[in-house]
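See structure below.
As written, the chains take the letters A, B, C and D, and residue 1 is the first residue of each chain.
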Amino acid sequence: MEAQFEAVIAADARVEPRDWMPDAYRATLVRQIAQHAHSEIIGMQPEGNWLTRAPSLRRKAILLAKAQDEAGHGLYLYAAAETLGVDRAELTEKLVDGRQKYSSIFNYPTLTFADVGVIGWLVDGAAICNQVPLCRCSYGPYARAMVRICKEESFHQRQGYELLMTMMAGTDAQRAMVQDAVDRWWWPSLMMFGPPDGASPNSERSMAWRIKRHSNDELRRRFVDMTVPQAEHLGVTLPDPDLAWNEERGGWDFGEPDWSELQQVIKGDGPCNAQRIERRRAAHEDGAWVREAASAYAAKKAAREGSSR
Amino acid sequence: MTDHRYPLRLGDDALIAAQRLSWWCTRAPQLEEDVALANVALDLLGQARALLAHAGDLEGAGRTEDDLAFLRGDREFGNAQLVELPEADFAHAVAKLLFFGTYQELLHTALASCADPVLAALGGKFAKESAYHVDHATQWTLRLGDGTSESRRRMQDAVDALWPYTHELFAEDPLWTAAAADGTGVDPAALLPDWTRYVTAVLARATLVRPEGDWRPGGGRRGLHTEAFGPLLAEMQALHRAHPGARW
Amino acid sequence: MTDHRYPLRLGDDALIAAQRLSWWCTRAPQLEEDVALANVALDLLGQARALLAHAGDLEGAGRTEDDLAFLRGDREFGNAQLVELPEADFAHAVAKLLFFGTYQELLHTALASCADPVLAALGGKFAKESAYHVDHATQWTLRLGDGTSESRRRMQDAVDALWPYTHELFAEDPLWTAAAADGTGVDPAALLPDWTRYVTAVLARATLVRPEGDWRPGGGRRGLHTEAFGPLLAEMQALHRAHPGARW
Amino acid sequence: MEAQFEAVIAADARVEPRDWMPDAYRATLVRQIAQHAHSEIIGMQPEGNWLTRAPSLRRKAILLAKAQDEAGHGLYLYAAAETLGVDRAELTEKLVDGRQKYSSIFNYPTLTFADVGVIGWLVDGAAICNQVPLCRCSYGPYARAMVRICKEESFHQRQGYELLMTMMAGTDAQRAMVQDAVDRWWWPSLMMFGPPDGASPNSERSMAWRIKRHSNDELRRRFVDMTVPQAEHLGVTLPDPDLAWNEERGGWDFGEPDWSELQQVIKGDGPCNAQRIERRRAAHEDGAWVREAASAYAAKKAAREGSSR
């Protein structure tokens, strides 16, 4: 069985739910897919903060649609995780009590409406860099979920960038808001690719299993190379004095993120960790009576239909 | 020609309903419901945008959907009070959607054959959306009403709290009368029998009691709102107003 | 001369604290407390007005207290995050008043002998008010901490939740350093030992545990606020902004 | 004893808590003072609605100070009621479960900031007309509470009128807000004096006992005569087509309020009845753990002090 699994991996084919797989492979996938699903759900909050205050009806509609997409992504991903023999309720418990993580980027607050645009541009942009390779991930259900998700993420990224273009063509106050948002989100976005390769212990195995296909630093460089010209086109300055074109490499050199900040946020001490988990916990607990009612009703209905046969 | 205040008022209903509903995003009892409620809110917001834009066109003073949404004061909004009421729990959201959605479905269906071609086209499109909203609210009314004892209590409380505010949807009003008379709109009083029949049947199936009592709060159509409305509007408009003339 | 941003920042602390506290009006656990909390909020609002007016004078650009309160954006407010945090229950209100009030009392006392004669006079006046706030918060901390098991649990939760935000009050900042250097203001770092001594003693008497942990959120002084701040400001400013240039 | 009571009333002197008094006199006073206290407390809500949104810091301070005064008035009045052998907690229960009333005027919503001014001018104005004669009420503690309250109410009335004057000197939108608020509050203010004399069954006895000194209609006329010139000075129109100077009487004739509306609001079907009671109930219930803690602490403290003697 193990040989067959190795052969599938080696052939760059897909492992499917019914196939045998090593326990560690399964555990790694559950952890990664759950974290990804949690990130979609928690990720609704920072932008959701502006839903009721969006400054135009069009932007309000875009925000709502995006939040809806994210909830949908969370659903696909939880479903993909469930093919590995866990269930959504259990994963939600683990999120709420801190045993599973979500992307640290969502522990930063959205302070102005420009943050909504910058999250689309930089955060969704970084997510896409991370996720496009996952469309070829060795685990079939995850790979297929990613295909659909990546398509929608690109759409969100374009919308975010378009908001920023509109604001940069607007008033001085709007331009200042955009620059301020870029200043705040740039470094956290770079940290979305995880610690530097030397400090990322699980990466190698994930790459061997073809869950992961590129190293953190490789993806980070790709993101910077993609983003710098977009920033120029937008007319904003990226807050990194070390940013410089490297003729030889044909890419951009950039400074070192403050990794101690990343560690701190992961540990739980980011600006919004407590608030994000609390909101999710409250929604889950306040909704318990509703879920119980739905189960009770379904049971009654089944019993009635059974007895009327 | 259609009085611009007619689509404006219908647009206000949809806009304020969408604003309240969007609060649920990230707070729904399950993820499927985050998706579903956002979907309903998006439909309502789309309806509001089309109706406000049409009102602006008819008015001919150059006001856009955003001017109408963000730059009118509390007393200039003509939505029914029902849609502005805070939703104390999920049962309130469900009851409101049942009552308001059923009203909207009947209204939009009737509107589809009115004399204003824009409104007729919108009515046809919106009627399909409303039908989905009603179906969704109906399913939840049944689950909550006929679910557990707690859900039944909460659902009955919500029905009791919101029922008085449904009367305003069908109350006599000069704008309705005029619109119905020249065929550019619908008199909602004509929708009441079908509304009552449908809603009563759903409540009965859900083992819920249809409220009695003769309290009929109203005034929303004349810009007389509840005290919950001012803070809702303050939040909705604050950023837009903080940057006069800016485009977003 | 005093940097106008110095009294502005102190004024923002007082203004936002007053805005949060005024929410309690009609919601306090007993009528005596409706009176007392309104009284504290009034003191804080009075402090904010005097400080913002002084900041406007020093700035010399003709901005009034209302211009500064109602026409600045989210990123231009320099209050500490502690004061903007929502107060989940009465224990949170008490803990916040204990922490912030003690800081204010020490600050105002020190300010009374600073080189800016306006600030010195205000400091003397405000120190008396703050002493009353601290006394009030201390009494309630004792009652809740050493009251029932529920009140103890709630009070400890509030202390745990707010404690990390107290660090920002004493954190190093260029504006504090400059103000202390030329004698026009106070470096709050100098107040920390007395603050810690007093607050620790009160917590101990109230049978409460002083929190550990090294999380030190901050940024308020640079206009980096919590997500709770935007909605607070939207509500506070909406009416003023809806009527540009109007007098009230 | 009854003769002595009658003599005190006849001499227009004061009945004090320790004096004998007829049960019906006591019951009437408890009902009236409690209703009055409840009105102060519930009356904080309509204006409290604008505390967080007041358009200037000065107006915010005025509103806060007024709300504080009202809480204080509630406290004096509950204390006056307690001299008659009831207690505040019991009265609060009766308010919350609907067995005791408060002034119906507070069941109308405050829709714009002009309402704050109009409440000061008309509602406090009507309250003063009602209350000034109560300063000579036969029951001493009530009469003395009223002296202090009336002084503060006059202050509130002047502040309300001053706000309206400022707004009338402002923008067109502000003037329209004032007129709109006057249109909405005028008739409810007239109804604050209660039903017409013919329909006010308890009035006669209260007048005999010198709790009340003027009939409802008398006070209503006094209020209208006082208010019409103020409205003219302000530049607003009172919404009554029947308002006309009566040369002969030397006063203003005015139209008939819609008494069915008053009955409906008293019955519980005013725009804000449910909301007002719910807020009061929630504050009372949410505060229960605080009051319990205060009692428990006081008991512990007393025990400690007792044992350390």
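The rule is short, and it goes like this: a residue touches a chain if its C-beta (ideal position, glycine included) is under 8 Å from a C-beta of that chain, and two chains touch if they have at least 3 such contacts.
Note that the structure is a prediction, hence the values are computed from the model and not measured.
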(request) Show which chains lie in contact with subunit A and also with subunit B. (result) C
(message) I'd like to verify one number: the distance from the centre of subunit B to the centre of subunit D, where each centre is the average of its C-alpha atoms, in whole angstrom.
(response) 37
(message) As a quick test, compute the distance in whole Å between the mean CA positions of subunit A and subunit D.
(response) 57
(request) Find the geometric centre of each of subunit B and subunit C from their Cα atoms only, then give the gap between the two centres in Å, rounded to an integer. (result) 41
(request) Would you please write down the residue numbers of subunit B that are in contact with two or more other chains? (result) 73, 231, 234-235, 238-239
(request) Mark out which residues of subunit A touch at least two other chains, giving numbers and ranges. (result) 53, 173
(message) Chains as vertices, touching pairs as edges: which of line, ring, star, complete or other describes this one?
(response) other
(request) Please name which positions on subunit B make contact with subunit A in the complex. (result) 15, 19, 22-23, 25-35, 38-39, 41-42, 45-46, 48-49, 52, 65-66, 69-70, 89-90, 142-144, 146-148, 150-151, 154, 235-236, 238-240, 243, 245-248
(request) Over in the complex, which subunit C residues touch subunit B? Could you list them? (result) 73, 231, 233-235, 237-239, 241-242, 244
(request) Give every residue of subunit A touching subunit C within the complex, in rising order. (result) 46, 49, 53, 109-112, 173, 177, 180, 184, 268-269, 271-272, 274-275
(request) Over in the complex, which subunit C residues touch subunit A? Could you list them? (result) 73-75, 161, 214-215, 217, 219, 224-227, 230-231, 234
(message) Under the stated contact criterion, what part of subunit D meets subunit C in this complex?
(response) 41, 44-45, 48, 51-61, 64-65, 67-68, 71-72, 74-75, 78, 113, 163, 166-167, 169-171, 173-174, 279-280, 282-283, 286-294, 296-298, 300
